[in-house]
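Take a look at these structures.
Each of the next two complexes has chain A plus one other chain: chain B in the first, chain C in the second.
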Partner chain A sequence: MKGKCYIQGMAAISPQPTFEGDIFQAPLVHTDSNLLACIEPDYKPFIPGNSLRRMTRTLKMGLTAALKCIQDSGISSPGPIITGTGKGSLQDTEKFIKEIVEYKETALNPTPFIQSTYNSVNGLIALQQKCTAYNNTFVHRGFSFENALLDSIMMIQEGASHTLTGAFEEITQEHFYIKSRIGCWKSAPVNSQDVYQQLSPGTIAGEGATFFTLTDAATPQSYAAISGFRMLYKPSEEKLATTLRNFSQSADLVICGRNGDSNHEHYYEVMDACFPGVPQLPFKHLCGEYDTAGAFGLWLGAWILKAQQLPASWFPMQEQLTAPVHSILFYNHFFGEQHVMLQLERV
Partner chain B sequence: MAERVFITGVGMITAIGDDVAGNLHSLRSQRSGLGYTEYIDTIYRQVLPVAEVKHPSESLFALAGVPVKEGYTRTTLLGLIAMQEALRDAGIEDVQSAPTGFINASTVGGMCDTEKVYFDIIDPEKTGTFLQYIDTLDCADCTQRIADIVGFSEHIATISTACSSSANALMFGARMIRQGMLPRMVCGGTEALTRFTLNGFNSLKNVDKQFCRPFDQQRTGLNLGEGAAYLVLESESFAKANNSRILAELSGYCNTNEAFHPTSPSPDGDGAYEAMKTALAMSGHSLEQVEYINVHGTATLNNDVSEGKALERLFGDKVPLFSSTKPFTGHTLAAAGAIEAIYSILAIRHGLIFPNLNFSEKMEELSVTPVTQLLEGYPVNNVISNSFGFGGNNASLVISKYEG
Partner chain C sequence: MEELKKKLKEQIIEALNLQDTKPEDIDDNAPLFGEGLGLDSIDSLELMVLLERQYHIKVEDPREGRKILQSVQSMAEFITSKQPA
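Moving on, here comes the complex of A and B:
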């Protein structure tokens, strides 16, 4: 990628207490249900009660994370709004499929249909903020958030001063079951904090809504700079290794999407071999696996670069940072198909 | 200075033809694709007209040149047929011959097939080959299956912004070219009819029981359609070095959000006005240089008022010839932007203005009316193609004649 962009504001709703308070003092939330569900915030300060009643989870989480991010950035107009979601509002999709059958295709309530539309969160943010700028939604599994990020970086290259860039995903019990039928999740319950030790087929499910305000210039408030970015679709191990080696030579911390899934662990082993001796932080024990988990990983990396410390309870396996972190290599893939690498730098 | 973006290949399948030539023939003979569904299991089978591709999915495998296999949805097959034509048309035997990206668009992914097996998928008592459709629940499935068969390994993405999805796919691809990221992109969308979508629009009370009547005073709604279309985009320098045959130029585009209502456009067409105005400014052409507008023209009560007002605001008393081709193809949602972009190219290359079928009475809110007769031998240099969607997502493209 050409040039850099900067993270000026951000917000995350996740299975950890990330929405409010000091994440460096936050406890580690874990589960043995193989499904890490979000801690939902109080939405009332963000969304009027009459709107709130009609909205389903994904819409509430997405809109609220976006609004909190705008607050955090201190930039009042969001500018271009660009998001990624692999599955959109599953709850609405499931509801509408069932109501079609239940009510025999008559007298259907259109709300679940409207809310199941993948761009409904984007539309809501624009409506709420009266923002008529560019607006786009990407829906491509482990490339959903990443294409939104690419689009945002291009917007900034084309002259936008900032963008609102985010991702949102939910996991429903029904969808968790559906994905279990094709082996996405571990067959036996695993404590989420031990997921890396339990190497076996499948991983643990998760969800989250994460938003960023990206800017063309650094400010004293900037969390981090994004200075490198690559996406690889179904690469061979050789291509992955070559690309990783050429991508970053200066990382003093690696943040990776490792998730205890033995089917696809070998890609992370390729990464290990490319960065020997560099401390590594995996993040899927915090958020679980989902299409747009990469956005959560980016959020974590940006915090570490800004605060120069680790959330201690989240990484009991890792000693505190002994040297300043100037550059982070981020690597994640989604079930072996969509591979993403980012270079993050301290501002 | 960013490079110009040229269109060097097109491919499509719709209710009015299995390829571009078939579509052109139907447009010229003013033959609509609207009728009643053969393939969707719905109580509205004989009630709500749709524009369905006239082949069962089994026959689409043969057209797509792939063996019959579980897991290939109608969405994927329609897309594959259009993709192969687009690559052939651009003279691309192997997409790996130059770095080539693929930007696809879809509104409900493989819903056409998953809705038929969904209750089996969620029933622990049932098992079978239907489990191979689990992955087809999302929008990326069709993109990746097409990419894997054709051999795309550079950038891939799927966009979903409701009815403006494939217009945004074209825009995203053009921007990647202008940024110098890749020299060649294939962009468009694919959409198969589903019971889900038919009931969705019907629950919003904007499906017409008659054949749709865009810009007509008596219009009561849209008819859904299905199809797929892809356009090969190349940077000017690549197209010249590659000696590509240039069909037209994608000279302008704009994506804007109306921020007015989740499903309705503003009565004065603010979003449509802004999208057309900004796209045209980017193209460097003046209002007078636009000979034809392929309007979004869904025939819903709100769209046509809003879009018509926007035309009058932008062009004053000199609104160019305009028509909606949705009475031919139905509203093909994610595929509409790409299908209509190809129709815009056909208008330029063949000197045609397509008629807006089923129009008889001027709308009381507007002073303009659409073209109702096929015009041949009409010089067309610049076309605006509009796609407006739910969530306030508005997109306009400007397609211009390539002068060499």
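Moving on, here comes the complex of A and C:
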């Protein structure tokens, strides 16, 4: 990766109390339903009532996280808006498809159709912020957020001073059921806080909306720098090991997407072998598994680099940091297919 | 006609998810768009769907739609005019 970009602002709506308050004092939210659902904030301070009435969950979560991120960055106009989502608004998609069947392809409501399109959140952010700059949404399964991030990094390298980059995903009961039929989730209920000890096929589902304001220069407020970035599609273990070793040998901490799924655990064992003795923080017990969970991991890593401490209740398995963390290696994959490595540095 | 207008108001509130509005808040003759309820173009499409689903009336001409959707009163009059005598 040429040069660096900096996280100037960020916001997350997740199954943990991440939107408001001090995350370092926040309790750990856990579930034994195999589905970690977001804690939704009060949307009214962010979205006018007349707009709110039409929006479904993902749209409200995505727009609110984006607006909070812009506020947090202190930048008045978001500039280019680039997001990633694996599924977009599932609620709207499901409603639209059900109505096609129910009303035999006639008299279909326009709202779920419009909002089921992947770029709805971006459109809403741009409308609310009166932003006419570049606007794009990437929909590439487990690479959705990462392609948005890559596009943002390239925009910054080409001269943009900042971008708004984010990801949003929701899980519905219907989608949870469909994915359970193809073995994505564990067959028996597992307490989310014990997911790493329950190594068996499948994992736990999750969702979230996470946004970042990325800039070309660091400021005293910057959370972290992104200094390395690699994506690998279905790599062999040898290829993964070589890439991880070449990627970062200076990591003080590894944040990984381990999720208790025995089908794909071997990739994380490759990572273990590449970074012996380096403290490791898995994050899927906090947010569950979803296409754009990597955005939550990045958010977590950036907070740790800035605050130089861990949210203690979230990581009972890890003692507090004993030495400063200057560099974090982030490694995640989505059901063994899309693999992502990021290097984060302290600013 | 009064019964129809009351029912229409309830259906509009439900179809458009007007959470803080009650049927008695909607004046029969108040404009639905711009002022009044402050509805927009997407709401007008939703109201067309409402007419089609609930009353089996399809509005083909958009210019006609503007007049029909002016107020609850105009909607009720239109529905009544389409009902068999």
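The working rule: the second predicted complex is superposed on the first by the 347 of 347 C-alpha atoms of A that agree within 3 Å, B and C clash if a C-alpha of one lies under 4 Å from a C-alpha of the other, contacts with A are read in each partner's own complex, and residues count from 1 in each chain.
Heads up, the rule we're going with is that a contact is a pair of C-beta atoms (placed from the backbone, for glycine too) under 8 Å apart; a residue touches a chain by one contact, two chains touch by 3 or more.
Bear in mind the structure is a predicted one, so any value in this text is a computation, not a measurement.
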{"item": "First, second, both or neither for A:Arg53, with chain B first and chain C second", "value": "second"}
{"item": "First (chain B), second (chain C), both or neither touched by A:Asn109", "value": "both"}
{"item": "First, second, both or neither for A:Gln157, with chain B first and chain C second", "value": "first"}
{"item": "Superposed model, chain A: greater residue contact from chain B or chain C", "value": "B"}
{"item": "Doubly contacted chain A residues - partners chain C and chain B", "value": "106, 108-110, 114"}
{"item": "Complex contact set, residues of chain A against chain B", "value": "2, 81, 86-88, 96-97, 100-101, 104-106, 108-110, 113-114, 116-120, 122-124, 126-127, 129-141, 143-144, 147, 151, 154, 157-158, 174, 177-179, 181-182, 231, 233-234, 337"}
{"item": "Touching residues (chain side chain B, partner chain A) in the complex", "value": "42-44, 106-107, 109, 115, 118-119, 121-122, 124, 131, 134-135, 137-140, 143-144, 147-148, 152-162, 168, 172, 175-176, 179, 195-196, 199-200, 202-204, 255-263, 270-271, 274, 389-393"}
{"item": "Contact footprint of chain A on chain C as seen in their complex", "value": "16-20, 38, 42, 45-46, 49, 52-53"}
{"item": "Complex interface listing, chain A residues touching chain C", "value": "49-50, 53-54, 103, 106-111, 114"}
